[in-house]
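Both complexes below contain chain A, partnered by chain B and then by chain C.
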Partner chain A sequence: MISLKLAYRNLTGAGLRTWLNVTVLSFAYVVIIFHQGLIDGWHRQGLRDLTEWEVAGGQLWHPSYDRYDPMTFQDAHGVINGRIPGYVKSKLAVPVLVVQGTAYPQGRLQSIILKGIDRSQSLVKLPSSALAGDSGKINAVIGTRMAKSLKAEKGDYILIRWRDKNGAFDAAEIYIAEIFKCDVPSVDIGQIWVPLDKLQEMTGLHNEATMFIVSDQYKASDTDGWKFKEKAYLTKELDELIQAKRGGGMILQGILLIIALLAIFDTQVLSIFRRQREIGTYIAFGMTRYQVVGIFTVEGAAHSIFAAVLGALYGIPLFIYLYYHGITFGLGDMGLTLAETLYPYYSLQLIVITVAVVVIAATIVSFLPARKIAKMKPTDALKGKLQ
Partner chain B sequence: MDTEKIIKLDRIVKKFPVGSGYFTALNEVSLEFGRGEFAGLVGPSGSGKTTLLNIIGSLDTPTEGDANVLGKSLIGLNHKDSAKLRNQHIGFIFQTYNLLPVYTVYENVEFTLLLQKMSADQRRKAVLEALEWVGLTDKINSKPAMLSGGESQRVAIARSMVKKPEIVLADEPTANLDSENSHHILQTMKKLNDELKVTFIFATHDEKVMKYLERLISLADGKIISDRMNHTGLKEQK
Partner chain C sequence: MNMNKLLLLLFTVVNVYPAFCQDAATIMDRVDRNLSSDNRVFESSMVIHGKRNDRTVTSKTYAAGYKKSFTEYLTPPREQGTKMLKLDDQLWIYSPSTDRTIQIAGHMLRQSVMGSDLSYEDMMEDRKLTEVYDANLSGEETIAERKAFVLVLTAKVTDAAYHKRKMWVDAERYVPLQEELYAKSGQLLKRTVLSEVKQISGRWYPTKIVFKDMLKDGEGTEFIITNIKFNQKIPDYIFTKAALKK
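Take a look at the complex of A and B:
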């Protein structure tokens, strides 16, 4: 208690030196919480978008299907049978047929993936209702990125070519019935969504699908030979990307924290050197060396407490503003599950861990130079003779 | 003196390492001090005054010999016990005052009491009483930087006296003071010595201080040259 009281007096009495350290350390707090909050916000938004647009409660894949290998698409389809039609009927599963193809926008050639989906589905946010239309046309919906890539607009016709179940090429014009905006690139980039029944008819794969998007109520044990891919597996890519970004950010945060801690360390070393007489006086008046080490350690560590308070003063209003208004980066075309506007998310856990890490680190760097006091001869300290 | 001996030094030797050899600061010094003495260690710089004072104050340990203060042998005393001895029984007054610059006069005097289990009310009463002894009750909120040398040393006296120690060790307390302030400080300390029966031991080579001392112990090259009652002639010569 006495250490706390003396440390508080010494710190507030040290004036500008204390506040410079506190200010630098408060930047570390704010930057760490801001950056981690931004990454957490991105993660939450990404997971939500993936769930709403692509993953839902998981997917059932044909055993041959590999979403990263378009060469598997030709054979990755199977008949919708067993218990699956029941799930489809009760809206627990939505069949999707995946076919590789080519688009010819304005005479150019562009690889595409044709995806047939039920027009009446409601498991994912894809505007599949726009796929309904007269039987003479092949209505298609595409994302904004795909539209940009195709240089297509709503109402345009685009020639596409695909192989049917026998490997024979066929071609037709599709009608762009809707262009949707979505932050999930795997639903948008290179993807053309058409009615499932049309695609089945175009390929001759009647009553067949490549995969099913299933709802949260779907029981993973009833797969009928299809491979169930749970949500965690389907969002793994995003998780890994976030982890990589978090790791990279932590290096920068670590550097900032080290700079702030070095300032405290330097202050401590200087303080112990300059205040030798004071240290000798403490000992002469009955403090043990370890009590004096305690005062100096608490003094250094108290920088981190003051910094937390100062950081809170300007950080909290900033964080609240960003939480509600977000930050617009305009990086939506990078091929990442990344919204144009990110809304940082600051969890209690993030704040508690950040404060704990900074306080512990500040205490350690304060203690290291203060250990020297334990070896000081009080007679030399009183004379200010130590080097 | 026939008073109770509270400090007993027996053949104290203190050597400091210098290069590959040793410098002998104290050479077989034996002394006793009684309760309520107003004594001084006098001699030129390097004679061993401060070293002896530091050993009595348990800030340093002798290389050889035995030091017994208030019935406690200082040889082999651990840091905690020596800190307790200083905190409860010994006060220090330094040449450079050694006031804590960020504290007010009141807090500087109170500091030593914070180490003892005293209530805030008891502390306040003791601090105000100590400041009254030295005539500084009007400066309780001043910082050391705002005080003159004389005032600073009076605060240092109040700080050393506030816990009512049995021994006060004063190392060149007037060295940084002018003549008028020196007399004022010494009168204050003599008054406290008379009223509270506190043992004062000075290390000094200041003639002004020597005039106030009742016992003068002269040191040279780490040895006692003379130990006599002031104005009463030579008591003992080693």
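Take a look at the complex of A and C:
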């Protein structure tokens, strides 16, 4: 208790020096929590968006289909049979047919992926109801990124070309019935969504699909030869990206923390050098050397407690503001599942771990220079002799 | 309509229609004889008209029938040393800058060859027209001041890339002067204009071909044959993947 009282009196007595250290360390707190909170917020939003727009409860892939390898698209389709039609009927699965094609917006040539999806589906947020229309027209929905790249607006007609199941070229105009805004680029960039039955008719692939999006209630035990890809597999890319970002961020946070800790270390060295008489007096009054080491260690570590309080004073209002208003980065075209506005998420775990790490690190850097006290001769210390 | 007129119409349909069909087949056969050979070696320039400037790519090609071909790009310096090998339905490209050979497949086949109006899959068409299409003579027209037969070719196999073609064939030299390629929906996809027809080794051969992707803006791509020799001795190793790295 006496250590804490002394630490408090010494730190407040040191004035500006203490407050400079505390301010720098409080920045470290705020930046670490802000950055980790931002990454956690991105992860949560990304997973939610992926689930709502693309993944749902998982996917069933044709054995030849690999979404990362467009070369597989041509042959990756199979007849919807076995138990699958039952799943489709009971809304547990939504068939999707994937076909490569070419769009010719304003006389330009652009490679596209045509995706056929059931107009009545509600498993993913895609506005597939807009695909319904008169039979003579091919209604299509595209994302905002795709609309930007095609320079297309709602109500425009775009000429597309594709090959049917036998390889024969065919071409027709599609009508842009709706442009949706979504943060999942894999349902937007390069994709044109058309009615499933229309695409089956266009390609001659009647009653065939490339994959199925399935609901959470779907049980993966019976896949009828289709490969079940669970949600964790389909979101793996985002998880890995987040891990990489977290790792990169930790380097920067580490550098900031090291700078703050160096300031504490420096202050400790200077204190021990300038307060030798005080150290000698403590020992002369009957304190053991290690009790004196303890006083100085607690004094150094108390910087981190003060910093936590100061950081909380300006950090908490800032974090609350960002939690509700988010940070807008603009619409990303980098192919990342990244929302236009990110809302940081601060978990209790994040805050506790951050405070613990900073306090422990500050205690260690305070203890290291204080070890010198244990080697001091009390008589020389009382005289203020350099040791 | 009286009986005489009906008989006349019947006579016309029964006699003239097969005559037209037979003529179309003969024309196609004579066109094939002009254009196809066991093998050929030619040097060519491909003029690609871009939005801002034009580019010319020169190359030397060795071709055996329709199935095998080997092309080495000679200029510009950026493309120099790039080689392309086509064997049946497979296509490889060797790039000297990366010293890598890659197979062109899937969506890459839809990409343009060096920015031209030709895609790699256009280069993969390797069957004789007579194997794929039924030809019908639909009439005669004058094109580029030459009298030409107008043939309408309709796919007789399901895997033809273009469901319908329209071809204007020089009535005297039996060389195509213009061709239009149509999608199943009837949409015109590509137009090819052939000109500067020369007599080479006893056959008429067009030495300038302008390809135009009709869905795309632009002036198209000119393909000019600067030197061609038929029925040459081409060593077998030319048509191997090993030749790409030589």
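Operating definition for what follows: the second predicted complex is superposed on the first by the 385 of 387 C-alpha atoms of A that agree within 3 Å, B and C clash if a C-alpha of one lies under 4 Å from a C-alpha of the other, contacts with A are read in each partner's own complex, and residues count from 1 in each chain.
Everything that follows uses one rule, which is that a contact is a pair of C-beta atoms (placed from the backbone, for glycine too) under 8 Å apart; a residue touches a chain by one contact, two chains touch by 3 or more.
Because the structure is a prediction, the values reported are computed rather than measured.
Superposition note: with chain A as the common reference, chain B and chain C can be accommodated side by side. Once chain A of one complex is fitted onto chain A of the other, the partner contacts of A:Phe285 are limited to chain B, with no touch recorded for chain C. In the superposition on chain A, contact is made by A:Ser111 with chain C only, not with chain B. Shared-chain residue A:Pro70: touches chain C; no touch with chain B. Shared-chain residue A:Thr102: touches chain C; no touch with chain B.
Of the two partner chains placed around the shared chain by superposition, chain B is the only one that A:Asn10 touches, whereas chain C remains out of contact. With the two structures brought together on chain A, the opening angle seen from the C-alpha centre of chain A toward chain B and chain C is 150°, to the nearest 10. For the three-chain overlay built from the shared chain A, the minimum Cα spacing from chain B to chain C equals 70 Å.
The residues of chain A shared by its contacts with chain B and with chain C come to none at all.
The part of chain C that touches chain A in the complex is made up of residues 105-108, 110-112, 155, 158-163, 181, 183-185, 187, 189, 213, 215-218.
Listed in rising order, the residues of chain A touching chain C in the complex are 70-74, 100, 102, 104, 106-109, 111, 159, 161, 163-164, 166-172. Here chain B touches chain A in the complex through residues 50, 54, 57, 59-60, 79-80, 83-84, 86-88, 92, 94, 96, 98, 100-103, 107, 111-112, 114-115, 159, going by the rule given at the top.
Chain A makes touch with chain B in their complex at residues 2, 5-6, 9-10, 12-14, 277-278, 280-281, 283-291, 377-379, 382.
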